[in-house]
């Protein structure tokens, strides 16, 4: 039985980790870290766990934690793990970091977009970007996994095969993403109050959202050269779910024609047919976040516009599962040589 | 492996049965009955099951179905099963009926509140009212289980111990219940459109809702005499969840005092401490539907008002799980001698 | 032109006052008081007023304010106005207080339920309880009006005629109320975050909510003797609206029969037919909050249950309008001898 | 007093017309046409109008209607008005058509996108496209106004000045739009049920939505040449509101630089500073639908991305007001020589 500790267990992503790990045959949580609620019963903060979790919230003593668990999940603010990580820790435990600290390989890019100094850049190279469908083999041997962001998981995987295969011009890629409000976290802020979010939609962080460089880095690897995209997140009055609507110009074939829907579908199938957690919907079927809620699935659909020569790619996932805790467990499974799907065979909950 | 058939698989309760049975180790669905969608892929109606359910919707041929399965779930309109049931069927399969056809023992009461003639009253006596926590032993030996209504499960179990123990005066019982909109079903009706339900709350079926006689019958058994209650349902702009707020006058003790919170708590514990799916919250803690969403739990809380001599009892459950499909699976488990909790150890999903 | 000042202009009730007064022919706002946002553009806090309100938020200097305006609206926390009020102020301006400071005539009751000492009890007697439909004449001559609470306006007016005419037994009165989330205010608190409120319903403040003594006091006047009620508020995932579902036993007539629906309807008509802002719906029609949203209407319906001898009364209003800012403007109109409906002829907004 | 008739008065746009015209000093509704509810009280369908509208729903006899009113609003399905219109009618009354019948000048384009034959193409040329801020002078003299679609009003006005002034390359224009559910109408369809829409977001009509050619036609006029765009609508779980997020590549200046935010802001100001109903927000401020709800405002914001050379333009309006009924009244005001803002000075309702 793998012993797991969570730092940041009382955030939404942390609580989702608890939910998922409770259904995991080979893992158990032994440390519910929460700076804000030390010594309070975890189930008094999240009453869905009443009679299911008897533990009390602990401080975030990484040293002690490392000696008691096999894996640590850090669902913490940016900079937290970078400020604590050292070789001794990594010799003792594996770490899945749900923050952005080790996602971006170029520390200058990290420091520019996040506006903070990186305290332990020496581990960036070692860290594996935990997008399982792309970096599966590396994850298996990692001590430190940088769990991808919610928007980024959705944005990257939706476009990845077409970028990689050169079917779209990555310089034309525009990602218009929409997220449920749990993505904003559980902090007590006026803009996240019910009455402020309900009955409204807005874009935010336009041209400046921190998931942008993460998307660009990964898609640059796919493209084989540096690319830049426009990424625009929106806040939607719902709890969970991310939908990314992505626009790109199709690359013409030698005869001047654009790829057919069948060709595009085949490429998606080549990459994802064998992937349990990526479901490629039929041609012209639009993914909807309701069909993946509570599950680890990413649903992908697309539509070609012959008039404009563009393709519209669409991806939908649950930001707290495939976009955070689910992918973290998927990474843990890979790191420990378990079945990749253990604890993650959750049927989406509808309605 | 128990083979199960569902009639009405494309309603919300039917679809929830599918979700739950997919996670059940000892049961598999072999018949997805849906009059409205015959020959259509089930996963094209409920796309959460894409790549998870490959079956096609079937007609509702009970005869053939009975010869192919061990248990039939009927998630059908009132009168449907009563119109088809016969001894031959019951000799072949066990039936869990999610409609009201066999819930009420007095056929005249059924016919009055439902406004239809009962076509097979001869089976009413045999049918077991499938409120597992109350009728567990009878359910174990039943061929035909009448699965309780969503409002009724919540309303009855919340008041049951106090009525049974004579701690409250049942003639003063007032049940003010609030339900999410999935309780209204998937029929295309203007009052259930998003814009009609959203941003509003209303009472409906005031003094006439059909769950009233069902609540009264069961609580009359508990009281040992016929009782009548006021039951008022309300429609809440949310998908799932029922909250019942119940008011009753506490019966004074010989010394003129009313029961204490501790005494009330002890009674609840006596009845429910050993019950996996009923969670009695601490004194003064109010249940909230969000803490049971997606799970088979009923959360109960209470508050005594020494000023007025009344108690306010509150119960919260997920109408599609403990209020429908979950309880149906719990009944199936009992009928087939399986562990009662198999397939039902679902952690509530929040947020 | 009446000059108005608002203390607490950046709360939800304050902002609604701004919206209503902008449509008022005979009043203009000259002071937007907001301790939290001093010197910020009011329209930068509430961007619905962009290009409509050019003012900047001011401190809450009551002295100076009193010398510059004809009326002050205090949409402030409990105790604020009581801590400042003096004869000099009242000689200069009329005050409509949206807090509870002067609503309850028995200062001991106020101090017990609110848990604070009342700093200026000498003005309690003078203050008029601003329930216009009940105390219209007194309001006209008041210097200080205690604007009723949102729950209380709805709860009292819905039951008032039947209590006053002795048609129901007030000792049996149970009020189960449901409110939209704007009633919880704009403070940044975790329980009011979108993800905490959305997709859930709960009771809160059971037996202890501060609107209880206010309801009891007013209905005691109607009954002609002290009465106590059970009042249970619930939080509903919607922005605006209160629905009160009220239960009471009908008083039998000399012949042992209970009042008929026609008799009840006549009593309601006697009290409210001439009232612009109270709409008595037809027999058996349930009020819904969506039909009053954005308006100053209170909709009332009822249903008699001959089986139990009880009546279910239902009232629906917009908590920010008739439950707060609208009633405050209605009071202002009366105090200044204007048409009572000026600025308040708002058609409910649906959907 | 202008006498107005509404055909389709029981749809959401029709009901909003009723709400707006009730606040209009110079117009009154004398005909509430509704095929589905003939002879029913209008206020029994839309109970927000209880005690405010006493009228009964009428059939849609255009002939008789034309002889009794000065203006007809047709809030009807596509093809309805085209099937009835004739010279005699137009000689009697002015018509504001909220359907698409006369919006598109090229009848072949209309017939292709709408899939129906146009029954009276002879009036297409005469019809004025009622985008008031663009075609104000023509509207003033029109007998027949084609009221623009909700998505199109938002999409066009947001991009119009930059297309017209040649600041963006219209061939790169991508419009990602999000709408509340009232845009889907009041028809009883499963996809519009509360539980189907709530807690989800989806794209629909990708590459095929009928507002596409309307947007293209108007922006082609602005560009001075035919252009094509990608327009993707999304359904958002809220009642009202449209947000259009629009992406385009900025045209470089002679020196190779892109326009500055100040330059862009100046262009918007040139076009809209004098427009009552278009509010250009400050640089970098994102419009949100909540700030325009219930009002006739369109809020516009933008953000330049120097990295990619693109601009993100954003527009937000209330689809039932500026996107339908409000603009219809604005057109009526122009057609009858009234103040353009009469009946439309509605302060947005928040929360």
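Think of it as A, B, C and D in the order they're written, each chain with its own count starting at 1.
One rule holds in what follows: a residue touches a chain if its C-beta (ideal position, glycine included) is under 8 Å from a C-beta of that chain, and two chains touch if they have at least 3 such contacts.
Just so it is clear, the structure is predicted and the values come from calculations on it, not from any experiment.
Of the two chain pairs examined here, A-D and A-C, the one linked by more C-beta pairs in contact is A-D. Across the assembly, the mean Cα position most removed from that of subunit C is the one of A.
Separating the centre of subunit A from that of subunit C, both taken as means of CA atoms, is a distance of 46 Å. Once the centre of each chain is set as its mean CA position, subunit A and subunit D turn out to be 38 Å apart. Looking at subunit C, one finds that residues 12, 182, 195-196, 198-199, 237-240, 288, 290, 293, 351 touch two or more other chains.
For subunit D in complex with subunit B, the residues that touch the partner chain are 12, 181-182, 186, 188-190, 192-199, 237-239. Listed in rising order, the residues of subunit C touching subunit D in the complex are 12, 15, 19, 22-23, 46-52, 182, 199, 239-240, 279, 281, 288, 290-295, 299, 345, 347-351. Of all residues in subunit B, those touching subunit C in their complex are 174, 176, 178, 180, 195-196, 198-204, 206-207, 228-230, 232, 234, 236-241, 243, 245, 247, 284, 286-290, 293, 303-305, 307-308, 310, 312, 314, 316, 351.
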